[in-house]
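Heads up, the next two complexes both have subunit A, just with different partners, subunit B and then subunit C.
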Partner chain A sequence: MEIKGEYRIEAPREKVFAALNDQDILKACIPGCESLEKLSDTEMTAKVRLRIGPVSAAFGGKVTLSDIDPPNGYKISGEGQGGVAGFAKGGAVVRLTEDGGVTILAYDVDAQVGGKIAQVGARLITGTAKKLADQFFGKFAEKVGAPPPTPVEAA
Partner chain B sequence: MTAATGIGARALRTEDKRFLTGTGRYVDDLPLARATYAYFLRSPHAHAKIKSIDTAAAKAMPGVVEIFTGKDTADAKVGGLICGWVVKDKHGQPHKAPPHPVMALDTVRYVGDTVAMVVANSVGAARDAAEAIEVDYEVLPANVDLARAFDKGVPEVHPEAPGNLIYDWEIGVKADADAAFAKAAHVTKLDIVNNRLIPNAMEPRAAAADYDKGTGNYTLWSTSQNPHVLRLILSAFVLGIPEHKLRVIAPDVGGGFGSKIFCYNEETMVTWAASRVGRPIKWTAERSESFLTDAHGRDHVTHAELALDKDGKFLALKVDTIANMGAYLSTFSTAVPTYLYATLLAGQYTTPVIYANVRAAVTHTAPVDAYRGAGRPEATFVIESIVSKAAAEMKIDPAELRRRNFIPAEAFPYQTPVALQYDSGNYPPIIDEAIAIADYKGFEARRAEAKARGKLRGIGFSSYIEACGLGPSRVIGQLGGGVGQWESAQIKFNPTGNVQVLTGAHSHGQSHETTFAQIVSDKLGVPIETVEVVHGDTATTPFGMGSYGSRSLAVGGSAIMKAADKIIAKGKKIAAHLMEADVADVVFEQGTFKVAGTDKAVPLGATVFAAYVPHNYPLEELEPGMDENAFYDPSNFVYPSGTQICEVEIDPETGVTEIVSFTAVDDFGNIVNPMIVEGQVHGGIVQGVGQALHEAAVYDKQTGQLVSGSYMDYRMPRAEDVPSFKLANKVTPCPHNPLGVKGCGEAGAIAAPAAVMNAVRDALGPVGVQHIEMPATPMSVWQAINGGK
Partner chain C sequence: MYDFAYHHPKTLAEALAALKDKPEARPVSGGMTLIPTLKMRLSKPSDLVDLNGIKELTGIKVEGNGVTIGGMTRHADVASSADVKKTIPALAQLAALIGDPAVRNRGTIGGSVANADPAADYPAAVVALDATITTTEGKHKADDFFKGLFETALKDGELITAVSFPKPEKAGYEKFRNPASRYAMVGVFVAKTAGGVRVAVTGAGPSVFRVKAMEDALSKNFSSDAIKDIKIPADGLNSDIHGSAEYRAHLVTVMARRAVDQANK
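Up next is the complex of A and B:
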């Protein structure tokens, strides 16, 4: 499943890119994030509680930043084990472009789930992932830009 | 006995009193003091290496008693699960038999494969602890697409099965078939998929085990269709517990449809672990686990070709099938697409030459095994689909094409080209009656009327044959089966005259307690209220093979008849003594021994009492007691047959298919209880309708995730999906069993998918739809009508 979206953030690109690498901001923006610990500049461990359809699970796993290309973007990927609920993994390619002092953040998410989450929630996953992506980037744009952002278009 | 309860009577079901009042006793209901509860951690990956399993945190959690992994079972030398049927490939080599450990050792091979067993003081504590087990998987690519399972580069499921091939098997001579095809006036070709199904018994699988340290005896309560066979497998192959130290009890069981025939790892683990934790262990599958781990059914990809002469006579049939075994070979999996499938490809027809090639594949999916009909629905679907397609292509009426090719009544016993010898049957009157009931003549008018309303109406035939009543042991042995297929019975009178009938068969919805009691009541002239049918406990019933393959009445009922004959023979001797008459002059009529030509009479009950209180009794010649055993091994399978006619109406705007009429005329031989038979036919047809229109087990082809793993995505048929069925029977008694009966449990499910799909194809043909697969859901029908949009 792939989800794309775009946000307009009222902030210069350098500031947005720095925020994308700020683990406190990431922690505040990742939906259901209970903890985020830094291992290195590009690796973190996270605990995230998520609900997909009827399945609620705490995922423990790793968050990795890669393809870092300041200030144009990077890839953020995560992989978590949810115990008996199964696993979830996915990533988002984030591209930043300038538009007259404003930054356009475009994301392209792909996600995969397995085990009980896939079994009972397969058809709910696209909707859930879309919602989670919107929550993350919405909150991110809100924290970084001012005034509150407007989604340009969500595909 | 009386007309209300004897053979042929619509006697109400004895077992309904408890089933309808909620007083049945199932495995999960069992109260066990000091019980612990098991929870199995399942693999979320279709294929992965297990790099490590860390249970330390989980073991420290509250309420946890013990946690076992594959390593523990390997260290304890627990045997693997077995496949009990050896199929030899076209070169005479036995099938590939990859190991099937009770828990994954270093590799998981399907989503749901068992990784660890947690035993705790409550189900909740066990589940919470399972959450804390850390498994480090190295995820590997999965082999999920059956049609491509043998392709180069597809990941292998087992090193023991190179190229994922379990066997490449054939029946018939290909050159003979090719020669017949060379003379054909017309050849009909068909590519067809038999969709994978999930059994969905109402009661999920469950197991409870207790170990008595003092005696060393184990007791396993299991939702088994065949407790004696389960005990045999666990004793002889898996756990090594001697048979006499293991008691297996299958109490009330809420449906099986085949899925509870097999020996599963959970019941094995529960039994094994009970002695290790020193407390009873209970386990009941969650519905999600049933979806993932009950042996699935069907799952074939087939190419078939039918050669016909210019008049529509069948000259030859060629069938090429790939059958999915899943990740491991379940108990009878190898036999289903061979001896229970390809041997049925003659159907009701005189097709002189048949060649079938079946290749069995392992894939990273749940094991596949027998499911209601087991092989025979797949065979019927192929034959009846290609026959209807040939009829449409040659512009011959589908009923007429069938009639031209039916085996004539005078040809029985009829030797088919695919090993079976049909014992009896008379097919033309069956289709004639079905046509009359379904008002086939009036169909075109109904189609035109539907068209005026914007609806597409279609009609479909399915004339099935099945071989059931498994089975003649000698034949089963020749075909590679690992067990005998006889059945046992014991008729045990109590001194006060009531009677217990002990059977090696098992009832999990088939109404044996009523049907078997009717037989005994009728044969021995005792009131049905005084007959108790006992089944499902290896400690109380004689060794028997259990219930599957529509065998209980034909084989188990025949054993009861034999035991009843022995009761009568003994009673005659006692009665002769009591009446001071010659045994040769004593006759038995309606529960009473009489001396022919006199008014001397002794009721059976008096001979029973004399046998237990032998004060006036021929002790020199006769043992006391009235308790007789019998074993019955049939000389052939039984061959029920019938024709179903389904009529559908499709709304082209929504793609919804409505079954507007469904007719089934069956030949089940003699019928003991018509009401129960109708119930079996109803249930079977609905299961067949489910396969045709609704049900599909779908795995994601990339990841191997089961995406139809709940009732949100796996649609079971409902009462509103079917009309009131129009049923009738024709009777040609089975010539080789004492009741003259055939089997009725699977017939509906065997015939219905082809009847429904032929009707759907007939409805969609006029709008240009060439092909549609099962299940014909509203979406796939709508897409077919709208050119795959």
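Up next is the complex of A and C:
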């Protein structure tokens, strides 16, 4: 499944790109992130606990940054094992463009879920992935931009 | 199932005490969603606080200008209530369409509303009838209650004690049921209320939503023909193996027209 969205961030593109590489900011923005540890400049291990409706699962896994093209964007990918619940993996291609002094952040998420969580929650996976993407980028835009940002479109 | 501590309070006060300061404790009403989740080990609560023994949470009262339904009232009791059938027949009809007989005899209105499943039926009635949700912390207006996918204005440890529905002038509910689960692929509740016409859609998006274009058209002319050309955008609607977002968008108009016809009967 693919999810796209766009945010306007009231900050210059260089600042937005730097923030996308700042592990403290990533930790604060990844929904349910309990810990994020740096392995290298582009690799981290993460522990994430998600609670969506009745389901609550803890995932442990890896976050990788690739296709780094400052200050135009990169790809952030994650994959995690949720034990008995199943696994989740996904990535977001993030593109930054300038519009006056403002940065337009466009994302394109691709996510896959497997195991038990996918069997019982098939009808909920797209909605959940969209909600998590919105939480991540919404919080990111809020932290990095000056005044509260507005989502330009939700697709 | 993982181990948990089981509590069986007899009063609301005991239930609140059992939930207090335990972030991983969960209340359970009918258990129609939570128990299957526990059986599949997709949730690991520290404590389960069973609300089934609390008598003060059950019952249906006709009050003032509407019906107040206790949070622990079963769907089957709403469906068969003479008071509900007389005051808001569409609400009794909605309850009769939820799930299967087992779900209707166990599931509760408070549980359904608190869970806020995107395909649950009750949220459509709550929003279309502009109901008030009474909790242990206060009152919530319907329009401010449902926040998103499985997300409501409820805080941890806050319990729904009752839902009050004002009597509408006319109302109708129609849904396209998933043939296996009976969940609403799309369900539309249309109500002509003192505050105007309200159209609420469940099953189509991540959470219940209103359709302003239909409300405006029906305010001028409360007939199904008035909305036959109103199409809602497929952007952001649910898409799964049962139906695409475009299909659900199409169903919204079809179900809304049927609901208006139902209301006019």
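Heads up, the rule we're going with is that the second predicted complex is superposed on the first by the 152 of 155 C-alpha atoms of A that agree within 3 Å, B and C clash if a C-alpha of one lies under 4 Å from a C-alpha of the other, contacts with A are read in each partner's own complex, and residues count from 1 in each chain.
As a convention for this text, contacts are C-beta pairs under 8 Å (C-beta built on N, C-alpha and C of every residue); 3 or more make two chains touch, one makes a residue touch a chain.
This one's a predicted model, so the numbers in the text were calculated from it and none came from an experiment.
Of the two partner chains, subunit B is the only one touched by A:A118; subunit C is not. Contact with subunit B, but none with subunit C, is seen for A:F87 once the two complexes are overlaid on the shared chain. When both complexes are overlaid on chain A, the residue A:S66 reaches neither subunit B nor subunit C.
In the superposed model, more residues of subunit A are touched by C than by the other of subunit B and subunit C. Within the superposed three-chain model, A:S35 lies out of touch with both subunit B and subunit C [touch as defined at top]. Within the superposed three-chain model, A:I52 lies in touch with subunit C and out of touch with subunit B [touch as defined at top]. In the superposition on chain A, A:T97 makes contact with neither subunit B nor subunit C.
Once the two complexes are laid over each other on the shared chain, residue contacts for A:T128 go to subunit C alone; subunit B is not touched. In the superposition on the C-alpha atoms of chain A, the part of subunit A touched by subunit B in one complex and by subunit C in the other spans residues 84, 116, 120, 122-123. Across the interface of their complex, subunit B is touched by residues 81, 83-84, 86-87, 112-116, 118-120, 122-123 of subunit A. Subunit C makes touch with subunit A in their complex at residues 33-34, 36-37, 40-45, 115-119, 148-150, 183, 206, 235-236, 238-242. By the touch rule above, subunit A contacts subunit C in their complex via residues 1, 52-57, 84-85, 116-117, 120, 122-128, 130-131, 154-155.
Interface residues of subunit B facing subunit A in the complex, by the touch rule stated above, are 41-45, 111, 127, 130-135, 288, 291-292, 700, 703, 705-710, 712-713.
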